[in-house]
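These are the structures in question, set out in turn.
You will see two complexes here that share subunit A, one where it goes with subunit B and one where it goes with subunit C.
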Partner chain A sequence: MSESTMKRHMGLRTSRAISNTAIHILLIVISVVWLIPFVCIVLQSFRVEGTGPVGYIIPKQWGLDNYSRLFETDFPRWYLNTFIAALVTAVFQTIIVLCMSYTLSRFRFKMRRPLMRIMLILGMFPGMLSMIILYRVLKDLGMTQANAVPGLILVYIASSGMGYYVSKGFFDTIPMSLDEAARVDGATRAQVLYKIILPLSKPIVIYTILTAFMGPWGDYVFARYISFGTSAGKNVAVGLYDWLNKDQISKNYTMFCSGGVLVAVPVTVLFMCLQRYYVEGVTGGAVKG
Partner chain B sequence: MKQYSDLEFLKLSKGQKFLYKLRRFFVSIPLGIAHFFMKLWALLVQGVQALGRELKEIGGTFAHGDWKTKTSFFVMGFGNLARGQILRGILFLLFEIIFIGYMVLSGARWLGMLPTLGTEGPGKVYDEIYDVYVTSYNDNSFQILLYGVLTLFFIVAFIYTWRVNVRQNRMAEKILASGKPLKSGRDDLHSLVDDQFHKTLLALPVTGILIFTVLPIFFMILVAFTNYDGAHNGYTNALFTWVGLDNFNTMLSWDVTGGAGTQSYAATFGEVLIWTLIWAFFATFTNYFLGMFVAMAINKKGIRFKKGWRTILVLTIAIPQFISLLYVSKMFAKNGIINTTLLDLGLITKALPFWEEATWARVTVILINIWIGIPYLMLITTGILMNIPADLYESAKIDGASGWQQYRKITLPYMLFVTGPYLLTSFTGNMNNFNVIYLLTGGAPTNPAASSAAGTVGYTDLLITWLFKITMGAETQYYLASVIGILVFVVVALISLIVYNLLPSIKNEEDFR
Partner chain C sequence: MIMKKFLAIVLAAVMALSLCVTASAEQPFAGEYDVTLWVAEEIKELTQKQVDDYNATNTDGIKINATIEAVSESDAATQMITDVEAGGDIFCFAQDQFARLVQAGALDPLGVKASETVEAANAAGVVAAAKSGDVLYAYPLTADNGYFMYYDKSVIPEEDVDSLEKLIADCEAAQKYFAFEMNTSAWYAASFFFATGCHSNWTTDDEGNFVSVDDTFNSANGLVAVKGMKKLVDSPFHLSASSVNEFNAGAAIVVSGTWDFVTAQEILGDNLGVADLPSFEVDGKEYHLGSFNGCKLMGVKPQVDAIKAGVMHRLAQYLSGEQCQMERFEARAWGPSNLVDQQADAVQANAGLAALLAQSPYSVPQGQIHGSWWDIAKVIADDVKAAQDDAGLQQALDNYYNKIAELFKLDSSALLFVGAWNGWNNADQEETYYLKDGAVTLEVPESDYMGGRIVSPGNWDTDKGFLQVTEGKELIQDLGEEIGDNNIVFLAPGTYTVTWDGAAITITQN
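Up next is the complex of A and B:
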């Protein structure tokens, strides 16, 4: 190797080392920026002195006061509301989404394309618009205010068939020849579904359950409409939002933080356990559309 | 305008190519519109022709059919029953009985009241026993409209079922004439888990969509043509009624109605729409490019703890948005942690107006949205980046391409091609991104000139948050909310239509099978 090429190699190596160091530093900065708000929430939730917002992060006096105070409010009720809604939604939404996406991926029938096109067009209307009428209808049925959970569940699951894109993308990747082979062997369409396709679809089933379960924890709009004017029917998002109102923030700010921690921890733990499936679902299906 | 052949086009310089493409695009707009209307006309003609064929077939069935078929025109399912298809026959008959029963008992009444939406509002009635006037509630406009629409849906369903009934009779006659047996009820049930399995699977999801999406949307479109609001709720205070296009005229008129210093509805709507589009543009593309950048940084050779960086970012997806967004919005408040820290460090002398001034607030929401969006985009792009064939980069390197050139010539075109449809849905999704705006600012700071408009319009309000505020505010002008909803739909549909036609390829979903 001549001296000049050696030099070039050295130069390349050092320049790569420099750029890699720069990227490492950048990634550290990014991680810090992304985690700071969450660290702040956790720290603030343990602050004993004062209940309003303050200009420092690390509490002067540590304690669990904010957590114990939560149980004197309606928070446990909101938590239960959200949890029940999330659980039921996870079950039914998964069934509905899988039915829809499997059908659209596997069957070729006359109404298939029109159906997909209609759903595309329906998706362009702001969903919140239909809440006005749904609220009044559900109210007549007694499924609002204090009794909001069944109404909320109904709203969450009823139209969930429109969110079929990701799992349809997954089913599309399972070769049709599997179905055909089974059909030749005399299996009915239904048998093909639960004997052949479903066992292969574990990742997408888990992805669908996970996203369906997480949806209700973050929903603000629908829960706000349906629980309108009551405290007992709120979910955590609406309840905690109201704690940051101008007239409540000085009293409830640290409680917002502790409530937020209690909401975030279980959801996050569940999510991290099933992270692999989430990543697969997002990278596999979200883009294909 | 002169049209170049492929060869001539390749000879042009870069700038000329761009100008040529741009000119072509604008020239094609009128053509596209003309094309659209021609298509519409063709569809209309086709529709009329199809209707003619249907009528002819129905007439033919009646003329040539036997007495069983003829009776089925009036007693649905009679033919099925007479030919031994008991299950189908009973279902048809049952449907007809329910339909007629419903129409006689209540459907006809709702339909009759639909044109007026009720005539007798709530009033005072003298109660002889207690010697007081009590309020009596009479017509209910909301119910009339709702059940009127339901009845219309029901009638359409009935006509369709009747048509199926007629066709089945024709088919049954044909099959019997050719000497084959008809399907039994058992066969029908079996087919529901076999060749007709899709109907079983779709029954539940489609019913849900019909009742909870189609019906409400249809209803709300109708509401845009009424004066339904908090003061005319149709039952307890006053009836509401049809007002034609008045609401659209209000929303799109340039007349100033609110007094000095205020602006018209059209101006307010235009401002909010423009900000919505600007927001959607920046929210989509900042996230897209920065997310891609972070993904590439993590992917780069020689970077350690790849999994660790990804996990940290993915972690932030898990935490419900309302917690993080609400907290971050308080961090940026006047006396929030960011301002206090900066003041303490002596970097600024007075608090930065993150949420108090229009431009500050707009830039801040876009920046915070980057914080929200990058982890998700990082995930999406990581998968695609790994799919780019490595030999492309190898040969580029041998040819001496720099990192930036590789990105410009290989990575970016590939990414844009694959993620084109995603970018479109992401753009329209951001136009309706309620959570980020509402939880961060609630629309603040307030736009004083728009204060005459319904709801409190702020500088960071999107159309969707404006709509929400109208329906939740002191005077709930549902009709204006409906108008905004319809206009949002029009804008989103237009953008989708244009972009879909400009996309390099509309992927054929059967291609890879």
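Up next is the complex of A and C:
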């Protein structure tokens, strides 16, 4: 190797090293910025000295008091409310979305296109617009305040049929010939869905379950509106946020942090276990075969 | 015929019987009632006990089945206004939400007799906070929503607690913080203005609408106040915070209220000192820092059933009465508003309340204050900190004053005079004048159309014009027949004063 090529190689290597370092530094800065709030909340949840917000991050005394105190409050009830709402919604929304996508992907009927268009337009209206009228309806059904959970489930599930886009896109990529072969062998439409399509679309099913679970899990605005003035109907987001009211923050701030950590745990675990499918699912619908 | 007579007799009998029943019922309120109560988390159990006591002791035969929900007092108005119908029958709230609740029709006013009893039994400042116009809308619950000074005795020598300058110097010498919430809360920042005798008094009508303000923050005294404030906010060891948890984070002084007393004691133990606020010195004169003196109130929601409404008022009167306030003091150290309770030895001996009491000669009862005031006034401290000289300080006050003035211009009760004095064809350059105290002075130049009318902002059609003019009709011409409007059109150019008293317009030539 001549000297000049050596030099050129060196130049290339150094410039690559420099740009890599720069990119890594940038990424580190971004992730630090992004992670700081979470780290703060986790650290503060273990702080034993004082219960209000303070100007430093690392606790002077560590302990689990905040976690044990949580169980003396209504927190378990809120947690259960949220969990039930999220679980039931996840089950029903997944079923509805998958059936809807299958129908729109495989069946050809007269109103198919107009229906898809109507749903597209309906989806453009912000859901918040319907809040007041929904409140009125739920109140007449007796599903507000202490009975907020069934009311919330109803609202979460009601429009789930409209979220078919991603899974329909995925189903479209599965060749029709598979369906036809199964049909020739005597399978019903339902059997085609359960035995052929679904096993092939595991990522998209998991993605649907996850998004259906996450919506109610983190909902604040609607849950607060429906469950106002009662502790029994609150979900975790509403309940925890109320601890930040000015007359409660000095007593409950560290407990708020520990509550926040407990809320994040199941979602984090769920994501870690299903991450592989989730990424496939998000991008899955985008590829057209 | 016989049938008719018989029917008449039967009807008469039924009516007589029903009269008897009403008359014989000595206990018109007797019965069972399902009641939802909204109280603070920390007195939930106590309130249940108090309701049980009421059931056991009342002589009206009332039995209350209470559902007690924990709703923060600082959040009660928002929750209540969401749906008054489904809200708590009786609810507790901090007084700053009073006007919103009255406006939303969420408070049932007290009867004449109840008003008299409540007024006589409670501190005057608290009663004023529960009134809109002359109507008493709520029951006083506490009188402890004020602030004073917590300090660390190991850092601050006791002889320095009377002087703001010495306290700042002590904190700087010890490299410790002086926590006094200035830049983020008007509630605390107003302290300096009250010290120099400034006030901001707002007037509401019987429906809870704000009708006027008497505000002297932008004055010579106000300038003295911001000079004092500048001493504090310019210190590198000033911290704009109001939680005693700051003692854990390097603070030596925290200005806060009774609600922090237990926490402060836990943190500082024997080193905890409590005192009224210090004085500051400007141009050789001492000014003792003032404070707001606020309270918590208990409201009763309007009921469809008049009997139930009566019962709710009886229950609220009991729960806000002498005995229940004392129980709340004993359980949670809530400072009573009841005059008898305030004199009790135990109340007098409470260190936090004692400091509040020491501060009380300098405190201002927190009356009805416009919701926007809190946001407008809290930026003063930032402006003061940024100011380089006295002109900058004056600018801070001017900014404040202009925003307050704007509040009333935007208010729908304000009126304006819109006119096209400089000619009909220049109508797009209409001049708009705000009526100050119901009057406006107009310079009308010579032109082909010298007319205008009084309207509410945003509502051109609200005709308050020619037809309402009672005095000075000779100065204007009637175009009503001619072009079908209600405009006030002057006959000659000149300077006029137009006065509107709510019904009639008076015009005088100056």
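The criterion applied here is as follows: the second predicted complex is superposed on the first by the 277 of 289 C-alpha atoms of A that agree within 3 Å, B and C clash if a C-alpha of one lies under 4 Å from a C-alpha of the other, contacts with A are read in each partner's own complex, and residues count from 1 in each chain.
We take it that a residue touches a chain if its C-beta (ideal position, glycine included) is under 8 Å from a C-beta of that chain, and two chains touch if they have at least 3 such contacts.
Worth saying up front: this structure is predicted, and the values here are computed from it rather than measured.
Q: Contacts for A:A190 in the overlay, against subunit B (first) and subunit C (second): which applies, first, second, both or neither?
A: first
Q: When the two structures are overlaid on chain A, which partner does A:N245 contact: first (subunit B), second (subunit C), both, or neither?
A: second
Q: Just to be sure I read the superposition right, which of the two partners does A:P53 touch: subunit B = first, subunit C = second, or both, or neither?
A: Both subunit B and subunit C are touched by A:P53.
Q: With both structures superposed, pick whichever of subunit B and subunit C touches the larger number of subunit A residues.
A: Looking at subunit A, the partner in contact with more of its residues is B.
Q: Between subunit B and subunit C, which residues of subunit A are contacted by each of them?
A: The overlap between the subunit B and subunit C interfaces on subunit A comprises residues 53, 55-56, 249.
Q: For a test of understanding, state which residues of subunit A touch subunit C in their complex under the given definition.
A: 49-56, 60, 74, 135, 139, 144-145, 225, 228-231, 242, 245-251
Q: Please give the residue numbers of subunit B that touch subunit A in the complex, ascending.
A: Subunit B reaches subunit A through residues 142, 146, 190, 193-195, 197-198, 200-202, 204-206, 208-209, 211-217, 219-220, 223, 294, 297-298, 300, 302-304, 309, 311-324, 326-328, 330-331, 333, 335-337, 340-341, 344, 371, 374-376, 379-380, 382-384, 418-419, 421-422, 425, 428, 432, 434-435, 438-439, 464, 467-468, 471-472, 478, 481-482, 485, 488-489, 492-493, 496, 509, 513.
Q: Going by the contact rule at the top, pick out the subunit C residues touching subunit A in the complex.
A: Answer in residue numbers: 36, 38, 40-41, 69-75, 79-80, 82-83, 86-88, 94, 239, 241, 243-246, 248-250, 259-260, 263, 266-267.
Q: Sort out for me which residues of subunit A touch subunit B in the complex.
A: Subunit A residues touching subunit B: 16, 20, 23-24, 26-27, 30-31, 33-35, 37-38, 40-41, 53, 55-57, 95-97, 99-100, 102-103, 106-107, 109, 115, 119, 121-122, 124-134, 136-137, 154-155, 157-162, 172, 176, 188-191, 193, 214, 217-218, 220-221, 224, 236-237, 240-241, 244, 249, 253, 256-257, 260, 263-264, 267-268, 271-272, 275, 278-279, 282-284, 286-289.
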